[in-house]
Amino acid sequence: MIRHDGRAADQLREVKIVRQYTRYAQGSVLIQTGNTTVLCTAMIEDKVPPFLRGSGKGWISAEDDMLPSANAHRRIRDRNKNKIDGRTMVIQRLIGRSLRSVVDLTKLGERTLWVDCDVIQADGGTRSASITGAYVAVVDAIQFLMDRGSIKEWPIKAAVAATSVGIFNENSLLDLCYVEDVEAAVDMNIVMTSGGEIVEIQGTGEERPFTEGEMQELIALGKKGLQQLFQMQKEALNQ
Amino acid sequence: MIRHDGRAADQLREVKIVRQYTRYAQGSVLIQTGNTTVLCTAMIEDKVPPFLRGSGKGWISAEDDMLPSANAHRRIRDRNKNKIDGRTMVIQRLIGRSLRSVVDLTKLGERTLWVDCDVIQADGGTRSASITGAYVAVVDAIQFLMDRGSIKEWPIKAAVAATSVGIFNENSLLDLCYVEDVEAAVDMNIVMTSGGEIVEIQGTGEERPFTEGEMQELIALGKKGLQQLFQMQKEALNQ
Amino acid sequence: MIRHDGRAADQLREVKIVRQYTRYAQGSVLIQTGNTTVLCTAMIEDKVPPFLRGSGKGWISAEDDMLPSANAHRRIRDRNKNKIDGRTMVIQRLIGRSLRSVVDLTKLGERTLWVDCDVIQADGGTRSASITGAYVAVVDAIQFLMDRGSIKEWPIKAAVAATSVGIFNENSLLDLCYVEDVEAAVDMNIVMTSGGEIVEIQGTGEERPFTEGEMQELIALGKKGLQQLFQMQKEALNQ
Amino acid sequence: MIRHDGRAADQLREVKIVRQYTRYAQGSVLIQTGNTTVLCTAMIEDKVPPFLRGSGKGWISAEDDMLPSANAHRRIRDRNKNKIDGRTMVIQRLIGRSLRSVVDLTKLGERTLWVDCDVIQADGGTRSASITGAYVAVVDAIQFLMDRGSIKEWPIKAAVAATSVGIFNENSLLDLCYVEDVEAAVDMNIVMTSGGEIVEIQGTGEERPFTEGEMQELIALGKKGLQQLFQMQKEALNQ
Amino acid sequence: MIRHDGRAADQLREVKIVRQYTRYAQGSVLIQTGNTTVLCTAMIEDKVPPFLRGSGKGWISAEDDMLPSANAHRRIRDRNKNKIDGRTMVIQRLIGRSLRSVVDLTKLGERTLWVDCDVIQADGGTRSASITGAYVAVVDAIQFLMDRGSIKEWPIKAAVAATSVGIFNENSLLDLCYVEDVEAAVDMNIVMTSGGEIVEIQGTGEERPFTEGEMQELIALGKKGLQQLFQMQKEALNQ
Amino acid sequence: MIRHDGRAADQLREVKIVRQYTRYAQGSVLIQTGNTTVLCTAMIEDKVPPFLRGSGKGWISAEDDMLPSANAHRRIRDRNKNKIDGRTMVIQRLIGRSLRSVVDLTKLGERTLWVDCDVIQADGGTRSASITGAYVAVVDAIQFLMDRGSIKEWPIKAAVAATSVGIFNENSLLDLCYVEDVEAAVDMNIVMTSGGEIVEIQGTGEERPFTEGEMQELIALGKKGLQQLFQMQKEALNQ
């Protein structure tokens, strides 16, 4: 057995997607991937950042945070350190880019979707769960805008989801949990559209560099998991 | 009908207390009071703040925050404003004092209980829900320490819970929800022990000052609600 | 003798109120309560915070600080810690609310009174002295506006003052000095109008919770002191 | 008449120096120079900054601030701007250097004198008043250490005082008040020892550069004022 | 002609690497890639971050910044915004990881190499130039440690360099300059070792997602450029 | 030999001034004074600070910083300390005042010249080198505005340059390098116009106060060096 939780190398953890988890956000999704739990919300604001004012174009802005109790060791809140954690910054830029890549921002009109991904419990794969869940929250917020007549044409071009893959003990594994992630020699995050195209790929040789062959193998493994995630998003959205 | 949600003047909203809501904190409680939802966790750290080092005494430190999506208008994260919100500061000091008042800190040993109250959804009464839920999380964390043999004697002297009362349209009401709270002429928070003694009382004449007679009436109303909250804490703890 | 400075349990410390202590603020009051000294100023700014713009209503905003040398141990300035002290935040919100409760803000017109309470020397009761002195400074600033013809109708509805009471060595005491305050089992601040109504009451069981009977006794003691403070404010204002 | 307050070009404003103005600092001096008022305190801390630990040498550290109500326009507190004002930074470094220049720090032992200069009212010349007053506070704090037996040998080598001079409407003036300072073409601060030597000289051509001849004239004027300030310090100290 | 500066699609800009550009850092390299200029320094500190103390292992920490005048529009310094730019944070983490991947940190001993990459002039590709130049600075700093006898065994396992590739007007281009980078549909950074293995790959579909086929083509193009960069590093190091 | 680098007491270090060192700033000057290297740039922004809006007057704003690797001990970046270094603040105010003193700001029109002085390598005299080099950058930026027709009349009234002088081992020395500066008993910076007038003079008795006679001697020495610096500025500008 190569994985401590008994999964096969190419097996995702169990995923649950709950919509309308909270009341006030136009999109509100709780996503669980094994023991990782993220609340992804999408809220509408009827203005855009300065660089888009007057452009007729909208924006999607993402923020990411983790509750102090999400891990075994309590995390100090960013506000008490007077700075935003570097990892947080990297992740929230990735989430924003991923979502923007599948939405036609000109059809969104001059408004911002504020996406918040707050990690309730963390067992690896929080950025992947955030993107996968946030997509569903964005669909709900956009449906809200359609229902209200604020936008005329459906602006979403494809679904987007993410997963992690990595090399752990010289095995290529899909959907790393925390203990696997920490000790992985190579770590890769793949963000894809439901059309099978890559939105973002980030591969890091944490313990050692990796060959192009290993990269191909990891990408194939990731694609397999992503097909299942797109299916779960569809089911959650009753599409 | 004096309340928009149909409650009687002396009626609490429905309360749900779920223990072990997350995995990593020694105490983890989700409390819902109507549409207000707070995740209260208690985590153990085996050291104390500088002023207690070498004293043999423990400490309980509380922090309070609210997710950006908890309200109808998205809240900007404190970290992006480079300061902690004044209201947050007031509330977290109150939570810490309330919990410390019912725990014998010398029996806790030189360790800190970090209590985090993160508001997932806010419809008024978040500080009361936080105190009421955090007490349950503290009991679980202390039970964990007892089970592990880290503390010898049960340090909790009484239960503690809180509720809000106020004067709205010249009616004295128990457990204000957001729309009542915003327009209340007088607003009072009462923190009590299960022994019927006051831990903290904060009454504010938001729209007008109030008489001693009004104060007595509000306190009586609060006590009525608190008796029910103590009962719910006991049930949640199977005591 | 129950008090180290020889006072009776129901006796205030000596109070001095000096008006026009500095030249540039429209109201400038130095208040001394025993060894506690606070400079309370009120300055007029002809604009209001964003949430009141265009409302025709005014605002009173209070800030509170303490000189580094006010105590026996030098206090580090907030600016060097990159954050505002939690206690400061709590106090300045209280001062602002207390003053706003006795002023008809619609009669003030769209302007802000900036009230600054800077503690020169601290021996307990700084927030009470601040409120009591700031009221006098506000009267002077409003008189200035009346004299200049900027406001037509006297907007002050009543005087406001504050005092502290507490239980120390099982005695209920009026107007705690620092050594009493630090060791008090119960600590209460009462803000009242000259009409005898409560603006704010904050009671805390620092060492133990307290009964309703104790609360009544403390309130009665506070009211006794407050009657004297209203008299001193009148004398200072030659009313 | 060349000065709006009727002074001669070479005349200081009236100076008052009150010792023991507050109770807790070992040295506490209120200095008034015309309408400029500064509270200068010196407090002893029995440790030194890291770069002096183990050296047997002491340190004098100065901080400077201004109350919000000190001027006709309310000043925003540094803590609310999340940064220390540049002018404050310049001034407090000057005060510290000036005081250190007349104290033998090796005789002070490994301790820090914390000097705080808080401007209560500002009408020009605050940095000069701060240095002149702070010297007296430092003498008192050092006398306290001598009396307590903490230091054996008197470490003060000379008195130090400061004044401003400037060219206003082509007249060389001593001790500029605010309206003169703001419109001065040339502005100079001179810090001297009672031995007649220069500790610090800072001359700035605010409106136009100045000649060496003008500089000589300003220095001569400053020395005249400084002789009087040294005399007043002696009288205040009963020397 | 597909590129505005006349280069072929697979052509690097001219690269210059100057060692010992400044005097005080143990490694100091100015790298120019076309109009992009970065000063890369490596300085030795004889201690490690807390998580490595006592481990016998060393660390490489990288920081990245850009002069205000590096671009056509002046950049506001991070210190004036009280926060570190998100892009800066992402880049400096990448530089650190890339350098650590080719150094055996256990052979480095308990010391830190501080690598600073300060962009003097920016015309795209600053992160690639930083990594490529910083490697040379690290070699010089490690040679300094070898010469001084501080480390016994050569800890560098391979060279590391980086380049950017992207799809611009549907052409795959090597080494994007600023105007190409801003308008690229797809943007990829590749960090490789001289052994031909991947240390980090980050591909982003800025304007549209991309296929695996496009990814392969971009990687091939990048490898071609990287072979030349390794050669230039060797020449600069006289290896 | 009184100076460790063999210079005569009244001898400047070798100075090099390179114009157009970088491409994007309208003025860009690299100045080297011995081992001190500063990049001085001047960039044009077509707006002014709030206090000048609508005045028709321009402004010159200076900022100063030092690369982490400029000294033998790595300097922590200000952004990581969340505050601007006090010394930096003092220096950048001095640079701004010095440049403004020789430019007729009304002829500049409502625009700001942003002057950035970034120290690449520091061996004493960085503020003097910054002022001397920044003047040349300002001339180039203003020439750019003249050539573009944005300003009609040449606004520069004189050249401005700076040097340091000091007393080291009881010798008066011109142009102190770092080791001299650190141990100088007296330290003076003189900013002068090419017309021979003083813009700013700052003399500090670091180790001991100094006499007026010593001051005269230092000024004479400084003037000698400044004559040479004005000559070098002219040559650099081909005037």
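Read from first to last, the chains carry the letters A, B, C, D, E and F; within each, the first residue is number 1.
Note that a contact is a pair of C-beta atoms (placed from the backbone, for glycine too) under 8 Å apart; a residue touches a chain by one contact, two chains touch by 3 or more.
Because the structure is a prediction, the values reported are computed rather than measured.
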item	value
Centroid-based (C-alpha) most distant chain relative to chain E	C
Separation of mean Cα positions, chain F and chain E [Å, integer]	33
Chain centre separation in whole Å, for chain E relative to chain C (CA means)	59
Chain C residues counted as touching two or more neighbouring chains	82-84
Ring path (origin chain E; first step to chain F)	E, F, D, C, B, A
Residue numbers on chain A that touch chain B, as the complex places them	22-25, 28, 35, 37, 39, 41, 43, 45, 63, 65, 67-72, 74, 77-80, 82-84, 114, 116, 118, 120-121
Partner chain A, residues of chain E touching it in the complex	83-84, 86, 89-90, 93, 97, 101, 158, 192-193, 195-206, 208-212, 215, 219
